[in-house]
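As written, the chains take the letters A, B, C and D, and residue 1 is the first residue of each chain.
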Amino acid sequence: MADAVQTNAQPHADAHAHPSNLQHHFDTPAQQFDASKFGMWLFLSTEVLFFSGLFLFYTVVRRHHPDAFALGSTFLDWRLGAINTLVLIASSLTMALGVYFAQRSMQRALVFCLVLTLIGAFTFMGIKYIEYSHKIHEQIVWGKWFNPTRGHEAAEHENAAPHGEVASQQDAEAAEPASGSHEPQPAAASAAPAAAIQSQPTAASTDSAPASEPALPIEQSGIMMAGNGPSGLAAGEEVEEKGEEPELDTYALAKQRKDVHLFLGVYFCLTGLHGIHVLAGIVMIICLLIGAIKGRYNSDYYTPIDVGGLYWHLVDLVWIFLFPLLYLV
Amino acid sequence: MADQVQHGSDQPRVGHLVPWTTLLLTCFALMCLTVLTVYVAEYVDLGRFNIWLALIIATLKASLVCLYFMHLRYDRSFNAIVLIVAILTLMLFIGLALLDTNSYADELYRPDWDNFAPAITQQRDLAP
Amino acid sequence: MSTLDASAAALPAADLPAGDNYLTCDRGFKSWAFTLDHKRIGVMYLTGILIFFMIGGLFALLVRTSLPVPGVAGQAKGPITAELYNKFFTLHGAIMVFIVIIPGIPAALGNFVLPLMLGAKDVAFPRINLMSFYFWCAGVVLALTSLVLGGVDTGWTFYTPYSTTTNTAVIPVVAGAFMLGFSSIFTGLNFIVTIHKLRPPEMGWFKMPLLLWAIYSTGIVQILATPVLGIILLLLIVERAVGIGIFDPALGGDPVLFQHFFWFYSHPAVYIMILPAMGVMSELLTVFSRRHIFGYSFIAYSSVAIAVFGFLVWGHHLFVSGQSNLLNTIFSAITFSVAVPSAIKVFNWLATLYKGSINLKTPMIYALGFIWIFGIGGLTGLFLGTLATDVHLHDTYFVVAHFHFVMAGTIFTFFGAVHYWWPKIMGKMYNEALGRWGAMLSMIGFNITFLAQFWMGSLGMPRRYFHYDPFFQPYHVASTIGAYIMGFGFLLTMICLVHSLFRGKRAAANPWGGVTLEWRTASPPPHYNFDRTPPVTDPYDFNLVRYNADTDAYDFIPAEERVAVPAGHH
Amino acid sequence: MNLTLLAQSDRTIFMPEPASTIAGTVDGIFYFIFYVSLFFFVLIVGLMFFFIVRYRQRTPGEGPKTQITHNTPLEILWSVLPTFLLVAMFWLGFVGFLDMRTVPKDAYEIRVDAKKWTWEFIYPNGIGHPELHVPVDRPVRLVMYSQDVIHSCYIPAFRVKRDVVPGRYSELWFTANKVGEYRLVCAEYCGEGHSDMFAKVVVHPAGTFEDWLATADPLSALSDEQYVEFMADPQAFIDKYKDDPEIGENVQRLKVPALLGKALYEKKGCSQCHTIDGTDLPDKGPTWKGLFGKTETFSDGSSVVVDRDYIAESIREPGKRIVAGRQNIMPKPRVSDRELRQIVEFIKSLQSD
């Protein structure tokens, strides 16, 4: 049995040559590649079912409160949603191209694609952050804290006790998706949508405020609308002028109804969970980027890029469904 | 399941190479569909069918992403089976749960909305 | 196959040089904490699970201890208040279900045995395997946190709106269950990939040991059902933390939706618990009756069938919570269809015993006990699947007894499996007498405990009651006495296992005469499992081995000798 | 806990005493399944023990007598045969269950109000009572709602159970066919008092239920003079008569109308829009503090001094006259005349200081 002692060491010196990036318990790179991809697909199927819960929640609530959904979705700006959809699709493309270049062992192109994907991810989070902070500002939030208030009005009752609570509650939430938004890109990217919004009566006035200084609401949670006072006020007047025209005031309507907050609850759950997945994706892409810069991946071994790509595409898939369900009710 | 290792010379050692033109075309198609879905939702009113149309378009986009971006079209078929099984389970879950939700919609009351308005008014059909 | 492998396996393990096996090849805390070796991870799971089994059992005894006297409405029973009692049964349920039984067979024993049975060097994703173990640890820590924070009183089902309104430490324990869920998902994922991709080419699907079929089916359920638990627990946390109003009717939410989510996972979870046990059964019964399994394909397919049906029956937990008649009917019908594959298994096991050579070693006693216990557990399921009777029995002790009979079936098989693979895992033989006593006592105590509960349940005793109608006192007293006998039995079992570590004699490579691949390597196995890739054979062909009186163990018969042996005889 | 359920004679060994029309069916199905299961259990376990004894290993390493690996016809047989029994069970249970769910049109409706950890039964005449009293041989329909968490209304003797879910009406029906006292318990875990959340169920002999209902409300037991006296100064009246041999027992159950009104204020949801501490909710309803006797001006300019009649009107037909500056958002609550009187008494008692 003495030979057994040596044979224990064998697996690395197996019959066939064992490439460095092939783990000891696999025989061939193909086996390892297939195993990893298969594993990732199984994981993606768990993700699908993970989201399925929220989709059921969405459907049930919508079944019981159809009007609330119609009304609630007017608080979302489909332009921002659409832009985010396009951003994600683009980043999906760059990811897929990244896999392509990895397969062709084209290091530079791979790195470039990953950087583009990363930018896309940050842009998405930036826009999401703008949407969130605007909703927080106007108390268009979930549950018993739902109390839609136009920007300038919000500035007036800032001393309302539950209100401060909401804001702080909210920033805790908003903070994490927003983490990306300290990057230069989102501010720049969001300038465009914000501008587009200004011209819109229904679209909320104050998008521009957080866009100009993203970090602001997080610092001063309770009294953040005081910080936004001027811009909020200015935009508010504009809204009032539009308000002259006999168009229905969604804010007042929503206040009367007792179930509109449910839509916002669904909205924050779905986009929040999706946002967390995007953040995870950002971390993942950064790791891949480091690996790519170190030149770890080539046509022989690009499994991490491929598998990571699958995950990123799933994030895209989920959003493809979220967009029409939430923004285009 | 085709053996992954034997591919053309331009192919990587494992996996399948999707030409970049295909990827660009896919992306373009996705963009167009996004514009379409927005257009339909905002400017075409089909009443309650809007949501279904939106979902159909979304499913179309999703399958494009799966087939080309995620290589499912060239991949081992078992991976596709995994995804399909997951989606079937999802439908099963949502479907059966909704069957229940629909049935008790008329038993609901909101204490502060319709102060204990008339209880279950009509007998619901009991034969399955 | 060459004669080499046979002779290698035939060598008695006794003269293995020390420091050669996976336990001794590498020492120190780090070598365990960061190990990627599936065997060590399995051992760590096993240790943790056995410890928490004892803790969960302790809570069970506390529950039973507070019940022999009916008590007076609104008053405490000595030191035990109603609130405390609620925390007892909640923690008993949560620990046993999420921490012990679900990972019990797959994570602990599956981790150790599955790659060995495949003749593989490790599972497909060793890192993910270690990660899921640490998820398990995190879950345990969170559960303990809630214990420190004063416990939880929601019942292990966390039904809303009670769980969203009670002021006990719900969030930590729910977060714990969430982590444990992910641990379970990754284990299942790992095993499915392993079975698909690391199965030796010559081992076709129908040459796999039935345990692998069972674990595979379990994996399917783990992957498809557990995420739904994850999301609902997440929603529950969010609801408690920031009041999103999903489950709060006053805000337009729907409390019953939670039950759909919860049971969509938790019913399949029952099959996550029972399927591996059934797989183990097929191994134990064949080895200890020296018989080829009867009706391999029927048993294999019935595992998959149970897994699939498992997804279609969750609604039978909602028969009286106002679910629509149509849905009740559908779920009742499908529930009955689960009985068929279960029955198939039981009948085939019986047929396996027929004309066997039955050897009543401890694992076999557990296995036979499973037939008795699962028989009762399964048959009483019929009362609950039947709509009209379920209305009366729902949420009574009848249900409690029913699912204890099913889940304890898993626990007993788990212990059978622990005894069966103990020599392979630890390289030591346990004390047979002690093992048998432990098995018998715990099973007798168990039957007393829960048969009494069936009885009072059908007589209308609701579950989770602290005070009860004095009419039921005799039943409760009997149940409590049984519980203590059972507790003592399990204590003996634990003593038996610990004792074997110090006093047990060295185990041979193949003490029971199994022919699945794990018995072809030394006990305990070397770090890389097999010195030579083992030959794949029919997992139930017991003509491959021969009894060796000197070692009181079995040796694999070298190929050329075996040609002479006529099938069926030695 | 003095009344012990099932103390009665004719209970079967596994089932409590049957006291409703469906109990018979349920017990029948139960025992059918029981004997079928018993048969299979004895068969399986019997065979098992027989094999253990007959085929036990005598010498270590002894081989088996056979190695048959399968017998497909046999396996198919024992897969298919049980199926028929299963179908039978399912069908019986299904039919029995539909009977439980199909409420007769003429059922006598009683509201059940469940909260931690008490049951209140509200009879058609508006009287709330902690005990469930029902006439024998008459279908009774319980319409149940919960104020806090999920409870479950379970009457073992009637073999009926139904969860009481907050946010929706749950219904349950039965026909008690046996006079006597039974027990209603909560079957869905609802917290600390879960096991103490039980109520007495009394099945009245034919004809006597109405008499009980008539006297169930302590007020109804009072003569007209006594009633007037009571309304004039309830507390004094209670103190005066609470030890009275005839009506004392009744008087002790009397509550000051204002107190009853306060209970209704919570229960009927008035508290959602009307405060009683003087703070006015502009977009909701006026505060009740100091409302009585106050002068309200309507949107059409007319005005009125708030009195019993005006309150009655604004509860009965909220939209008729809208106070200036308020929206017409008040829903129409269901209140009996007696409840209305109690609410008025309550508002009256809320004088502004």
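Everything that follows uses one rule, which is that a residue touches a chain if its C-beta (ideal position, glycine included) is under 8 Å from a C-beta of that chain, and two chains touch if they have at least 3 such contacts.
All values reported here derive from a predicted model rather than from experimental measurement.
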item: Middle chain, criterion being Cα centroid separation; value: C
item: Comparison of A-C and C-D by number of C-beta pairs in contact, larger one; value: C-D
item: Mean-CA-position distance for chain D and chain C (Å); value: 40
item: Distance from the mean Cα position of chain D to that of chain A, given in whole angstrom; value: 47
item: Centre-to-centre distance between chain B and chain A (centres being mean Cα positions), rounded to whole Å; value: 19
item: Numbers and ranges of chain D residues touching at least 2 other chains; value: 98, 101, 167-168, 170
item: Interface hub residues of chain A, defined as touching at least two other chains; value: 34, 38, 42, 45-46, 49, 52, 56, 60, 64, 258
item: Residues of chain B touching at least two other chains; value: 78, 85-86, 89, 93, 97, 101-102, 104, 107-108, 110-113, 126
item: Chain C partner contacts - residues on chain D that touch it in the complex; value: 1, 4-7, 11, 14-16, 22, 25-26, 29-30, 33-34, 36-37, 40-41, 44-45, 47-48, 51-52, 55-57, 60-72, 74-75, 78-79, 82-83, 86-87, 89-90, 92-98, 100-101, 148-150, 152, 154, 156-157, 159-163, 165-168, 170, 183, 185-196
item: Interfacial residue positions of chain B with respect to chain A in the complex; value: 3-5, 10-15, 17-20, 23-24, 26-27, 30-31, 34, 37-38, 41-42, 50-51, 54-55, 57-58, 61-62, 65-66, 68-71, 75-76, 78-79, 82-83, 85-87, 89-90, 93-94, 97-98, 101-102, 105, 108, 110, 112-113
item: Touching residues (chain side chain C, partner chain D) in the complex; value: 70, 72-74, 82-83, 86, 153, 155, 159, 161-162, 165-166, 249-250, 253-256, 289-298, 320-322, 325, 328-329, 332-333, 336-337, 339-340, 343-344, 346-348, 350-351, 353-360, 368, 371-372, 375-376, 379-380, 382-383, 385-392, 394-396, 455, 458-460, 462-471, 513, 540, 542-543, 546-547, 549, 552, 554, 567-570
item: Of all residues in chain A, those that touch chain C in their complex; value: 1-5, 7-8, 10-11, 23-26, 31, 34-35, 38-39, 42-43, 45-47, 49-54, 56-57, 60-61, 64-65, 68, 142-145, 169, 173, 258-259, 261-262, 265, 268-269, 273
item: Chain C contact footprint on chain B (complex, rising order); value: 78, 85-86, 89, 92-93, 96-97, 99-104, 107, 110-112, 124, 126, 128
